[in-house]
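Look at the two complexes coming up: chain A is in both, with chain B in one and chain C in the other.
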Partner chain A sequence: MTKKQHRKTPELVCPAGTPSALRVAVDAGADVVYCGFRDETNARNFPGLNFSRKEMSEATEYAHKKNAHVYVTVNTFPQAGKTDLWRKAVNDAVDCGADALIVADMGIAAYAAKTHPKTRLHLSVQASASNPDAIKYYCDTFNVKRVVLPRVLSIPEITALNDEIPCETEVFVFGGLCVMAEGRCLLSSYATGKSPNMNGVCSPAGDVRYAQGKDGSMDSKLGVFTINRFAEGEPTGYPTICKGRFKCGGDTGYIFEEPTSLDAISMMPELLQSGVTAFKIEGRQRGKAYTEAVVKAFRKALSDYARGWPLKTDALIALAEGGQSTEGAYKKTWR
Partner chain B sequence: MAMKKDQQRLTFFEPVVRRVFRTILDAHPEITDRLGDYAASRIRIDVRDAPFCMVLQVAKREIGVYRRGAKVKSDAQISGSFMTLLKLAEGGDDGDSLFFNRDIEISGDTEAVVALRNALDDSDIDIIRESLAAFGVLALPLRIGYRVFQDMQPIVAGMFAP
Partner chain C sequence: MEMKLTLGPVLFNWEPSSWRDFYFHVADEAPVDIVYVGEVVCSKRQPFYNKVLPEVVERLKKAGKEVVLSSLAMVMNKREAKTMRELAANEDLPIEVNDVSALAHIAKRDHVIGPYINVYNEDTLQHLAAHGARRVCLAPEIHFASAKILAEAGEACNTNIETQVFGRMPLAVSARCYHARLHKLTKDNCQFVCNRDPDGLPLNTLDNRSFLAINGIQTMSDSYLDLSDKMGEMQAAGIRHFRLSPQDCDMVKVACLYRRAGKGENVAEKLKALLPDARFSNGYYGGGAGYQRLSA
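== the complex of A and B ==
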């Protein structure tokens, strides 16, 4: 059974979509930066984003010099018989000096565990492992050291889980939210033929169009579907179907979820008590200005909490999707 | 009466803008590399508080300057205030946040816009400093001129507001 590492303060795991964002994250106080290669092996396969092999090597060197770590995401699901790209990503990440691999697919986990047994293996949120049996299976079978928990668990559920599993846990504290079972959502593929699970893109930009109305409104379209219309001045969100506004039962509204970002700064004390090892910030697709602001805010919040000072909870609202934030399932008020 | 296309073009400014554009591309080859196939896209930049717009094409190292509202062929369009677009290009603001808050608008080929945003965000450009450096001995007076422009910017924005 794997021994858990206990930290006085949680590891701050921060996103980087580009080498510049990685440097900014490290300089702003990230303990770890996670990033991926420039292809469909990672769940943020967006145009102009991600790292070449050379950039990844330089990035890990930069991070290590500043006592930070780099976790490489290889967290999409290859199609059967087409695993070469994913295996190469695993090998190259290790060659580039990655401190851990974040994987989702069992076949890729098996390959990484067998080929690179000395490299730490983390289970991506895309694996959607949210109960003790599932997590124990990954730990026992692939020697997974840490699981990134789906954003559907309450804090009491996370606490109970931490008592039952042999590995560390990492939880999201800021950024985009998925209401679906992560790694299982196919909504995007119904409209575009592509999904985050298989292609690393939810609502691929090539299928997104925005149309500005003469009245100041803006239509958001995905494939052939209009999925939202924002009035003049109304804050917008990502063009994902789950955050679309639809006519349903005689009403027009958000039937899955509103455009909003997770912000768990206010829940930090409870999350620390729950036994999690790492706090994760979502947003490899965001600019480095976002990375810097969020990393600094959470570094300050951790410092303030350690000193017994009150936590500043509204510092990041300007960065939030739809101009609003939520504690999500951490503060579950529904059944 | 509609203007002819060549009347919409601000040819007086184009050599200056083109020189700056090419200087930046030369100093940051990673922009072209990161753009990949999207370097061929023609992207229109609409500066809301200025009397002009630009259409750039990285692969051809070309940039055109046109009167505001000119009908020019482009694959994708971004609009915002001068300072917003400048900060976005320099990575000083997060593009998604600007989009959520309606500070910028995009239309056309979203993929090309996202690629350009990501390429610029990675490039650590200082547009003003690098632009001024492109003019050698004129850099200092131009820098002073820019500072005056910054001070006057709210007034200028008001003059050209829709």
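== the complex of A and C ==
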């Protein structure tokens, strides 16, 4: 296999849930913005988010004028009998000028590869391809050019992986952290009937409730299940199952993970050495102020690093979920 | 085709001797047609079972069972990748593919796609069928309306649809081991604490509602799926493979009950009597939340 050329500076791939967030991200220094259509074809199918066809066309035009690219996510799994909606999203994304499609479902990957062979295909994190053989299968079968790596690998594993696969890799560096392997988690649908895979939602807002106890405490609930209880005065969080407090085996607490988010800025040097092509920021559901701040911080960190200046690692804590952050699986001890 | 009862792989960390005896008992007594064997959840458990696997396979085959080797649901390191390659190269027995990595090695030999591979629609089913998938066990969240369409599509491409009808549902896998985390151990030095919970460790909400169960890196439903009263409807829709997922209970009796359920008998009360502590659910079937128990 020919050795891939590693970029000196990674591509900075930034989220946009709205056209204005896309413009903000481009102006703040994003190389690429990723976004999706306003339906269940993408994994952030939240009310008030995402793009109409017209908005997508205008967005790619805006990005291209400023030398940025747009990747369109069609990264949920079509339900049987409804694949036309996903095929249309693929076709429309290409018509709108998308620079790449991010897909997870094999059927949709096959369709995109066959119908639009000239359009770059990226494998979504939702496909959960966590090893060289799986990634090679997607490359050989669907001509996938880049894989977004599941957040389950340590940096030495990513380095080894990059030497063995024929495509580029993209890694998450900041934002929401799935504790479970993405695309293989049914916790949300077990409690609510709606899942990331089928509906593009995790812990849908319509099933969230907050209930105050007599002692002033506040329960956050998802459907009928209490996901967390906050003492009076404690800041309340969103009831995401994998970041809730439960009782298990005589213990009470955050059995899966604390309400924390990923911040790998301190590990940027190692990630750059590992041969990844792109850094990805999570958060299409967040506002444009978040987008602007995170994109600017990473753009500055990359340019500081390129000049040999020290990295400032605490700038982003305020933006992290619950004000807490972790390097996640990039550090092997996380497991 | 007649209904086929299948026994899914044991997902918990059972003592190898109990594991072996369980399969011997199944071989001798259980009215199941197909038996899946092999570790799916954690590669660290594999060496223990590998010692007794050949005699288990032999005994099951002699009893006339179709044996399928199950593979790991998540492959993250070189050792696991090697195990997967070896399993995929085995031409004696078909394998159940639970991670896409196996597809790279299986060429077009007949195989089964397990519930950890996402097959939600006809396009994906047809793609996999063209590469040798002869049976696909669906993820538990896929409802009947979708399964029915998939069964129709499967007929056209010579692939059968299998659905779980009994046992805790596999809901998630992670790089992190929750048993190790709970016992304040690292995953690399886990002391195999998951073997203390041969049925999974229940996880309850703070207000003491049963919710989930942890099993090493896997998270399962606390409730046991029970679709015994839906087997007639599913057979009419062309779904004829029904999976019983082993729990730490008398699985021979469970298999006998589901055999009768497949012929139209209502076994709900008998199942309840056999498993008085279990909570049963069927919410996914009709498109609802998985934990729900809805009456017909």
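Simple rule for what comes next: the second predicted complex is superposed on the first by the 315 of 335 C-alpha atoms of A that agree within 3 Å, B and C clash if a C-alpha of one lies under 4 Å from a C-alpha of the other, contacts with A are read in each partner's own complex, and residues count from 1 in each chain.
Please note the rule applied: a contact is a pair of C-beta atoms (placed from the backbone, for glycine too) under 8 Å apart; a residue touches a chain by one contact, two chains touch by 3 or more.
Everything numeric in this text was worked out from a predicted model, so none of it was measured.
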First, second, both or neither for A:231, with chain B first and chain C second: neither
After superposition on the shared chain, which partner residues are touched by A:110: those of chain B (first), chain C (second), both, or neither? second
Can A:21 be said to touch chain B (first), chain C (second), both, or neither? first
Please indicate which partner A:252 is in contact with in the superposed arrangement: first for chain B, second for chain C, both, or neither. second
Is A:49 touching anything from chain B or chain C once the two structures are fitted on A? First, second, both or neither. first
Touch check for A:306: first (chain B), second (chain C), both, or neither? neither
Would you check which partner chain A:212 touches, where first means chain B only, second means chain C only, and both and neither mean what they say? first
Check the residue A:289 against both partner chains and state whether it touches chain B (first), chain C (second), both, or neither. first
Going through chain A, the residues touched by chain B and also by chain C turn out to be none
Provide the residue numbers of chain C that touch chain A in the complex, in ascending order. 73-78, 80-81, 84-85, 99-105, 116, 118, 120-128, 139-142, 145-147, 149-150, 153, 169, 171-178, 180-182, 186-188, 197, 201-209, 211-212, 214, 219, 221, 283-284, 287-291
Which chain A residues qualify as touching chain C in the complex? 77-83, 104-108, 110-111, 127-134, 136-138, 140, 151-153, 157, 160, 179-181, 183-187, 189-193, 195, 197-198, 219, 223-229, 242, 245-249, 251-252, 255-257, 329, 333-335
Spell out the part of chain A that touches chain B in their complex, as residue ranges. 17-21, 46-49, 204-206, 208-212, 218, 230, 233-238, 259, 285-290, 293, 318-323
If we count contacts the way the header does, which residues on chain B are in touch with chain A in the complex? 34-36, 38, 88, 91-97, 99-102, 105-119, 121-124
